[in-house]
Structures are given as structure tokens and as C-alpha cells.
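Input: structures, listed below.
In what comes next, subunit A is part of two complexes: it sits with subunit B in the first one and with subunit C in the second one.
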Partner chain A sequence: MSATRSLAAARPAGRRPSRGFSGGGGTLALLLPALVPVLVLSVGPLVYGILLAFTDARSGRNSVTSFTGLANVADLLGDSDFWGSFRVGLVWGVSVTVLQFLASLGLALLLDQNLRFRGLARVLALVPWAMPPVVTGLMWRLVYHPDAGLLNALLGTDVDWLNDFSLALPAVIVVGVWTGMPQTTVVLLAGLQGVPKELHEAVSVDGAGTWRRFWNVTLPQLRPVIVAITSLDFVWNINQFSLVYVLTQGGPGGRTRLPMLFAYEEAFRYGFFGYAATLGVAVTLVVLAVLGLYLWRQAREAA
Partner chain B sequence: MRRWSAALAVAAVALAAGCSSGGSGDDGGGTAAKPVTLRFLSLAWQKESVAANKQLVEEWNKANPSIQVQYVQGSWDNVNDQLVTSFEAGDPPDVIHDDSPALAGFSSRGYLLDLSGRLPAALKNDIPPAAWDTVSFGDGKGGQGVYGVPFLQESQVLLANRKLLDKAGVRIPTPDSPWTWDEFASVAKKLTKDGAYGVAWPMKSPVNKVLNLALNFGGTFFTTTGGKTTVKVGPQEREVLQRIHDQLYTDRSADPSALGMGTADPLPGFFAGKYALVPAGVYLRQQVAEQAPEGFDWVTLPPLKGVTAQQGATSQTLSVPADGKHPDEAVKFIAFFLNGPNQAKLAKGDWLLPTSTSAATDPGLTTGENGWDVATASAKDLVVAPYLKVNGFDEWKSKVATPALQEYFANKISLDEAARRLVDEGNKVLERYSQ
Partner chain C sequence: MRTGLKYLALAGYVVFLAFPLVWLLSTALKTPREMAALHPALIPRHPTLANFADAFTEQDLVGGGLRSLVVAVAAAVVTVALALPAAYALARRPGVLNRVAIGWVLVSQVFPVILVVIPLFMVLRRLELVNTLAGLTLVHVTFVMPFALWMLRGYVRAVPREVEEAAAVDGAGRLRSLASVVAPLLAPGVVATLLFSFISSWNEFLFALVVLKDPEVATLPLTLVRFTGPEGVARLGPLAAASLLATVPSLLFFAVIQRRLRSGLMAGAVKG
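After this line comes the complex of A and B, so read on.
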């Protein structure tokens, strides 16, 4: 009843539709089609995963799962392989995000200029986006191939990029940057086009050079866009799986074993489902913490 | 809007009804003549081997209209991940091609059917006990069982450039009088000259290779006391490690730049005369025979001898899942697929050694051509690899042993340090599995 009354009351006023959701079976029925997939496909598995993290679930028909409390967390904290993988994940996540941002900003600034063939250049910049990660991985594996690879042919070297203990991670990071550039570029380009021309003109009149204009006008105007895209990139990157799985499978000797690869191995190779779930939860918490800190600082500086 | 959704609902109901009536129609009409369909996950990848597999399946399908086998192509790269998911989901293939290290883990988790008592006597007697030993594992509940039929095995031989051997005037070994490791070391030194190396050790995946060879000196790497398995790296285990390391850094008769290579990668250097000897599994002969330049004279040398010539062996296997719907039909198919004549075909296709004793007498497998006689003779020294019985070996291998051995062979850590890591970190890994 209250819903109909508030709806009826809202109609003459015209612009307060949101009050209609205060309750009643009708609204729930309307929400249900949207809610069911979210509950079944997102919330359900999430809760299941979190619950699994507190058990000793293992693969196998004759395994008995029991609740073990925080035992998995204790194991995790003492697991040097986890910390190694976590360090690889952070190095990867931070460096890919930063390099991606710098490269994309450069590319976006370039594409924002009044160049010839600008349309074509913009389309070309999007190409990596159109490729599935597995295809990207296979392609770059050919580029890095020790005997038949493009890179060794160009440099005249004989390096096994993806199997060298110290080169594998940098080599994979380059691919990560390349893959993630398009979406960052597009978002930054959109942001650049939103910067009012008048501001630039005003500062030019005041005698500011290109660098000054970039530093004092473009960057501050772009700030919300930059914060949004770098934090999204960080989340995507640290949770990256398919690209590195195709390139190195986490090798050599775990030098490129990102946290998600580690969790995958624990679950599907060694069969420790509970432990792998704990890993997933831990990485989620870390991502939330890092993001929280970053966004909080950005918000404070902006204020 | 409403009319559309009503139409959709009707369509959905009609579809569902159509499907279910189709299904029940099959059930009703089929009765006894309804053929059973088995999915056979095969991992054959070499061209000849895929052809041999498919041909045998076709032969079977023609002779057995009531049990139809569907060939499903798998890949060694990801088969175990794929199988774990399909086992957990309860929909595994009916006949599974895999290898004995994988079976060890699967059997203890109860995924596979115990085949002891189900196999026909002819098949059982055709395969020697040493091979059956590579598929006998604990069931994870204190019992023992046979979890696959072993059919192809691999031994480590040496592929050699005959011209270089003759030029250096070294003795060509025979299966009756193979090279000892000492003789091998001195030959490799003699062959190292004019920018060529005596030997190339491709050590991208060093663990199985080293562990299989370590048996030459009685090195087992694992010891079980009171039901608890631990890693052991004593003088016997160190022999082969030390000898390979000596060739690399003391004798300098092995090329250090070959270390990062996979098994087949040294072949271009081998053909070019850069390496006189390449240690490899017998299957590599196929690629040599196929890719060698015209006039390249190569020879297969028998396995090296330490205290013994024994090598650790694993097998390729066919298994039946515990959750399979047609276990009896699957066993029948396996018994056909792996009989003597068929094993000979499969062995020829993969250039590996058959476990079947009757297949081993096949003239195609005893000819001197392409080193088949030497390869087939080497099967007599194959014993079950000790690590097969170790629960958690896979994790030990990838997390501890592979990096430790790679760093040791790259001369980045000492033998003592490598041994310490193999044991200390290794025992920590194994502990997870003993709970």
C-alpha cells in the first residue's frame, strides 16, 4: 500500500522516482530477474569460495572435508612460495600499471593532436584490445622464441627470453603493458578531450609553454580519470592469469608465478582446494587494502 | 512485451519436450541393440602415432557395433588439469590415456578404477611384472590396486654422430658391453675439439632425467621408513649429478649453453656436428630420422652403465575412471587396443618401447634400422622409478627439484646447497601429503 501511495504522491511532483523502492512485494518482483543472476553467478560462488577457505577441502572422491578455522591462513603466512609469488605479483602489478599508464598517456597525447590519419592511428592503437589473451600469449611466445623468434632476429642475439631466470619477468611485463595499453589509452584520450580548450588558451595568454600547460592544466583536469583507470588497471593486472599462463606457465622456477597462477596450481595441479581458496581471499583482501589506501590518499589530495 | 515472453515460454517448453521425447525414444527403441559409446581420451601427438591410434579405433568400431569408441584428442600439456576438473564434475572420459606419475596421484584420490581382477589373463601375462609395478599404487585408504594398463615405456639412450666417433677412434658400445660412465666421460673429452663439444645435456626439465639415470648408481632420492617418505641425497644420489656437472665445468666436454634446452632442441647442433653425443629418450630417434640432413650418419648407443645399467621407468597407460558408466566395455576395448600386435603398432608410431613381450619380438622393433635393436634391448634394464610411489612428487618436482637442479647445473649453487634444498624444502612439501 505504501508503495502505491508514494508512487501516486510522486507522480505529480514528477522527479522523485527513487522513493518508490522503499518496499513492497511489487518492487521485489521487478528486481528479481536482475537479482537472481547476480546471486547465483556472483554472490553464491563468492560466499562458497570464502567458506572453502576455512576448510581443508582437497580433490578426490574419498577426501573428507572438515572445518579447520584459520589453519590455512597460518600455513599461508609461513609459506615462502606464497610470499615469493606474492612478491612477483606486486612487482608485476605495479610495474605493468605504471608503465602502461606512462605509455598510454604518451600515446593518448599523441592521438589527441591534429595529425593526419588520426582516425586510422586511433583504430590501430585499439588492435591489441581485440585479441583474446591466449592469442596474444601465443603471438608473443613466437616473438620471444629462442631460435625462430622475431626479437632475437632483430637484435642478433641468442637469448631464451622466457626461460631465463632474470629476463622472464621483464619479458612478460612488456607483454602485459602492450596488452593493457588500448583501454588505458582510450580512457585517457576521452579524458583529454574533456579538458576545456579555454583553459589552455587562458594559460597560453599568460605565457605558459607546452610543458607548463601539460603540468598545470592537463594533468589536474585528468586527475579523476587517471585515478580511476590506474586503480582498475592495478586490479586487472594483479589478477592476470591467462596471459602469463600461456607465456610461461609461471616458470622458470616460479619466477613469473603470479598469485593467481599459484592458486590455480594449488587447486588443480596439487588438489588443495581449501588452501587455494584461502589464497584467493588473501589476494582479494590485499587488492582491497592497496586500492583503499590509494583512493583515500587521492581523495584527500583532491579535496 | 507480455505476448513476446509468452511466445518464448511456449518455445522453451516445446524445445524441452522435444529433447526429452527424443531421449526417451532412444531408450525405448534401442533395447538390446543400443550401442554403448565410449569416449577415449588419447594423448598421441606424433603424426604416425595419431594415425595408428585412429586406425585401431576404427578397426574396433567396425568389429564391435555394440561398443562404439569415440576418439577424443587431448594434449600432454594440460591433460591432468583437464582430468581433475572432469573427475570432480563426475563426467570423465571412459578410457583415459595418461602416464604412471599422474596415476599415482589420481589413484590415491580415488578417481580411478582398480583393474586387478578385471583384466583378461592374456593381457596380464603378456606384460612383465616390472611394468605392472609402474601402475600399482595405494588407493588412499590403505589398500593397493592396479590403476592402468602400462603400454609404452621410454629408456634413456645416447644418440651419436658416427663420423665423429670414428674420427676420434672410440669404441662403439653394444647392448652387451655398454659404456660405463667413466668411459663415457673420457670419450666425451676426446670428442671435444675444434669448437665441437662431446655432449649436450638439455636440462630444461632435469628432474625425471636425473632421477631415472641415478639408479645407475643405486640413487633412489626417496626413502620410506615407518610409512613416512623423506627425501634422501646421499653419495649414491650425488654420483650422476656430480658427473654431469664435471662434464660441464671440469672436463668442459659438455656445452653449458645447451642447459636451457628442451630435449629436442640440441638437434640442429647435433646435425651440424657441434655436439657429438646427445643423451635422449628413445623417442627422439623419430625426429633425428625425419630431420637429419642427407648423408648424416647417426647411431643409437645403449644406455650407460654405472654399478648397474638399471634406469627408472614410467609408462604411458590406459585407465578407466571410477565414475565411468561402462567399465566392462572400457576394459574390453583396452584389452583389444593393447594386445601384442597393436602395441607393436603403437610403439612404432611413437618410437617408444612396448611393455608387451610379444610385441617386443616384432621384426619392426628388432631391426638394426634407426637403432630399433638397441632401443628394444634397453627395455630389459628398466625398473619402476622409485619416485612413482611418492605422494607429492609432482609438487616436489616443480617447486623444489626443478629450480634446485637447474641452478646446480648452471653452477650457481654447490652440490651441498642443492642437496640441502632438495631434502629440507622437499620434506616440507612431502609432509603436506602425509596428513
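After this line comes the complex of A and C, so read on.
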């Protein structure tokens, strides 16, 4: 993208835009078909959703909605179910993001080398990406199945992985790592291939070993890519719904109830639209705060 | 020794990535009797395609598949039809709107979908579109729109302006230059965006779960999730077969684009 941009900038100045592109009115007419649905059905609902957070909206057709200010926020802060779900969400979001990053970095480093079967591994590394989240969830349910599952057959155990109070969350986290590895690996691999070879050569001449080269050359060069992909991963993970819904529906006893599953239940099982919206806003704020802190620290260290 | 370790690590990754898939395939090929066996085996002893045949005779699954197809085709066509003119304008007239549109792609990633689902549901209910495929199509169009805009804008930018200018110099009118010069160059990008929108809609679960309450209008992901239910292992075979079939569209899509995913495309997307 930066390449296209700089090409565009390098275009001789003063060149007339060609016929047909000059009419401002024409541009607006072109934009309307796309902007109207996005504004009406995407930006609009988002604003509407944020406003709902400050109301007592219920799901009943004839229920009267009134503004309640920060009452939902007060309820939320005193709701132990919310805090439980929030904690699960943070544990899930942080551990999946970190494990995804470490696993993907290892894989990307291997794929960057001249190993045999690299092609097979590259194709396989993309497959989880191609799978619908529902199928991924169903597939892993088969793996974890207490009677017909692969895991129990391999380990010789008799564990109901997804219904065990202490094992359910780790089991779900493994699936999260599996699902998100492709995007992260692809991005890190592209980043690795962008590290100039001369840098490596210069450092090897100085007699640095593989580890020192990785630590002093590769990692600093990768830094912008790492920051970008881990931030995106964190946002995606914390907002995850389908995968965990299919795997456990938030059970057992709420041990895997991510914030989005909690909000979904509040809204569409119990009908508390306003309260669920408050939850959505709260999670957005936390995500923005965590991201802000992370990006700010990274920017400061890079400077 | 070091190379040996590397191969060991690579093998570990291959096993981790592949074994759930192998197990899905294995389950899909097992007979109901073998499914009920005490010690499940990785390689089916009597592989059978009966589960695939069963999946095609299950009314729910076939109906779900057809409804998913209708929604995904409609959503893809409507999305691209709406996004193409806008993407063209965005690419050729960079400015504030351009940056807003790009910004929207990022912003829409940060907000949890639940924040959009509730109001959309309320709006659809007022329009009497809950429990209809039209309602879900509408939601999917808006859900895919930002990214479709972004993709198409990139493809338009890749068509050199000089090509259009040359056509104009040759006396072609704007519409003719668009139809005869730009359109053929854009065709691959349009196809890619159509496919991407189709796959997004075909795989989508949360909106479908909220909009389609009625089992009679459920799309494929919904029928798959409800198919298992709490009952025993007897129906796991057909479920595995149907899950594999449901994955075929996106697997084909990824087979087509995987080369570009592995090379520059993603690098540019992140570094930009």
C-alpha cells in the first residue's frame, strides 16, 4: 500500500485529472449507493447501540424505553456475573493472543528456512483460516468428545474436556490458538521476508550467533509488524463469539463465558437490550484502553 | 542435529495443525457401529461414504445449505453492486471521504458485533424482517461492505490512470472507457471481492443466530450447530460429513488466493 501511495505522490504535479473524474457532484452520486447502507445499517446501529447503553430497553415489543443515565453502569459494576465473565475474557484474550504470537513466530521462522516439506506446512498453516468458525468448533468438539473423541483415545484418559470446571477454559484456549495461527503466521512470515539480508550478513561477519542475530536484528526489524498483528489479534480474540458458543455455550458454570457470550445471553435470552449494550460499550472501552497503553508503550520504546 | 531439531519442530506444527482435520475426516468415514465402539481408532476400519449420503438426505441440512446459498449469493451480488461505484470514486478522488472509509474498516473491527446486533435486530423487527432471508441478507451486506469497499478500492487503484486517459484521448466517452478499458482490468478484483463476500456470508453465525429464530429458515451454520443436540454419538458421522461439505466453498476460495496470501498482499496490508 505504501508503494502505491508513493507512486501516486511521484506522479508529475499539475497533471490534469482526466475527463470524468472532475465533477464533485458525480463523485457524491457514486458514493451514495455505498454510503447510504453503511450509514443506515452500520454506523447508525452502532450509534444507536451506544445510546441504548444508557437506557432500560427491553426486548418486549411494547415495552417503553426511557433514559436511565448511568444506572446500567452501576448495575454492571455490582454484577458478579459480569466480573466473572470479564475475568474469563481477559484470561482468554491475553493468553490466546500471546500463545498465538509465540506459536506463529516459531512457525514463521521455520517456514522462512530452506526445509523440506515446507510447502506442505505452508498449506496446512492456512487451513484453519479457511474453515467456517462453526465447523472449527464442531470439529474440536469431536476431538474433545468424552466417548468418541481423539484426545481421550490418544491419552487413554476418560475426561469430559469441555465440561470440566478447570479444563474447559484451557481446552477452549487451545482451539483459539489453532484458529488464529494462520493470520498471525502469514503476517509474521511476510515481515521476516522483508528483513534485509545485508543486515544478517553484516552481523554474522561480526561473529554473532543465531540467537544474537535473532534478538538484535530480526526482532527489532519485525517490531512494527509484531505490534500491528498482536493488537489486531487481541481485538479479534476479545470479541470472539461463534467459536466458543459452538464449543461450550459459555459453560460449564460460566467458566468459558466470554463477555460477548454474556452480552448475547443478557440480550437475547433474558431480553435486557440496554444492559447488554452497556456491556458492549464497557468491553470496547477496555479494549481501547489496553490497546492505547500497549501502542503508546511500544511507540515510546521504539523512539 | 540442529536441522534435526528444526524438522522435529516442523513436524510438531504439522501434527497440531492437521490432526483435528484428520479426525474430522476419520469421523465422517466411520460407520455408526464403529462410532459407538469403546476405543475410537484414527483410521476407520470399514470406511464408508454413507455419512455423506445421509447428509444429503437430511432435510434440515439440505434446506440449510440452500438457504445459505441464496443469502450468500444475494449478499455478495448486492454488496459488490453497491461497493463498486463507491470504490471507484474513492480510488480516483482521494480525500477526506477516502480516509473516513478506510478508518471505518478499522473502527468496525474494534467494536464488538453485539453492539451492532441489538439495534439491527430492533430495526429489522420494526421492518418485519426478522426470521426472513431478506433481513439476514441485508445485515450481511452491511457487515461485509466496509471490507469489500477496501478491497475494490485497492483493485481500482491498481488500474493505471494513464490507461483511462489514453482511452479518453482516443475519443472514447467516459462510459465507453469504463466499459471497454477499465472493466476488463477490474474483472479479477470484482470476482475476488464477490467470492470474499460470498464466503463471509456463507460462514457467518452470530447474525444468523439472532435474525433467524425459526428453525424453518435456519442457514447452514445454524442447522449444523443444532444438528448434534445432546444425543449420543450416532449422528456424529453425518455431522462430520456435513461439516466437511460446508467447508468446501471456503477451501476452494483459499486454494485460489493462497499464493497471494503468502506473498506480498498481506505484507503491504500491514505495512501500509
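Convention: the second predicted complex is superposed on the first by the 265 of 303 C-alpha atoms of A that agree within 3 Å, B and C clash if a C-alpha of one lies under 4 Å from a C-alpha of the other, contacts with A are read in each partner's own complex, and residues count from 1 in each chain.
What we mean here is this: a residue touches a chain if its C-beta (ideal position, glycine included) is under 8 Å from a C-beta of that chain, and two chains touch if they have at least 3 such contacts.
Just so we're clear, the structure is a prediction, and the values are computed from it rather than from any experiment.
Of the two partner chains placed by superposition, only subunit C is touched by A:126; subunit B is not. With both complexes superposed, C is the one of subunit B and subunit C in contact with more subunit A residues. Looking at the shared chain after the overlay, A:191 reaches subunit C, while subunit B stays out of its contact range. When both complexes are overlaid on chain A, the residue A:143 reaches subunit C alone and has no touch with subunit B. In the superposition on chain A, A:106 makes contact with subunit C only, while subunit B stays out of contact range. Once the two complexes are laid over each other on the shared chain, residue contacts for A:270 go to subunit B alone; subunit C is not touched. Of the two partner chains placed around the shared chain by superposition, subunit B is the only one that A:160 touches, whereas subunit C remains out of contact.
In the three-chain superposition model, subunit A touches both subunit B and subunit C at residues 61, 147, 268. Residues 3, 6-7, 9-10, 13-14, 16-21, 23-24, 27, 35, 39-42, 81-83, 85-90, 92-94, 97, 104, 108-123, 125, 138-139, 141-143, 145-146, 149, 154, 157-158, 161, 164-165, 168, 174, 177, 202-203, 205-206, 209-210, 221, 224-225, 228, 233, 236, 239-240, 243-244, 246-247, 250-251, 253-254, 258, 261-264, 266-272 of subunit C touch subunit A in their complex.
Against subunit A, in their complex, subunit B makes its touches with residues 80-81, 84-85, 87-88, 105, 108-111, 140-141, 204, 260, 265, 268, 322-323, 392, 394-395, 398-399, 402-403, 406-407, 432. Listing the residues of subunit A that touch subunit B in their complex gives 58-63, 81, 146-147, 160, 163-164, 252-254, 265, 268-272. On subunit A, the positions that touch subunit C within their shared complex are 1-5, 8, 17-21, 27, 30-31, 33-35, 37-38, 41-46, 48-50, 52, 57, 61, 103, 106-107, 110, 113, 115-118, 120-135, 137-143, 145, 147-150, 153, 178, 181, 186-187, 189-191, 193-194, 224-225, 228-229, 232, 235-236, 238-239, 241-242, 245-246, 259-260, 263-264, 267-268, 273, 276-277, 279-281, 283-284, 287-288, 291.
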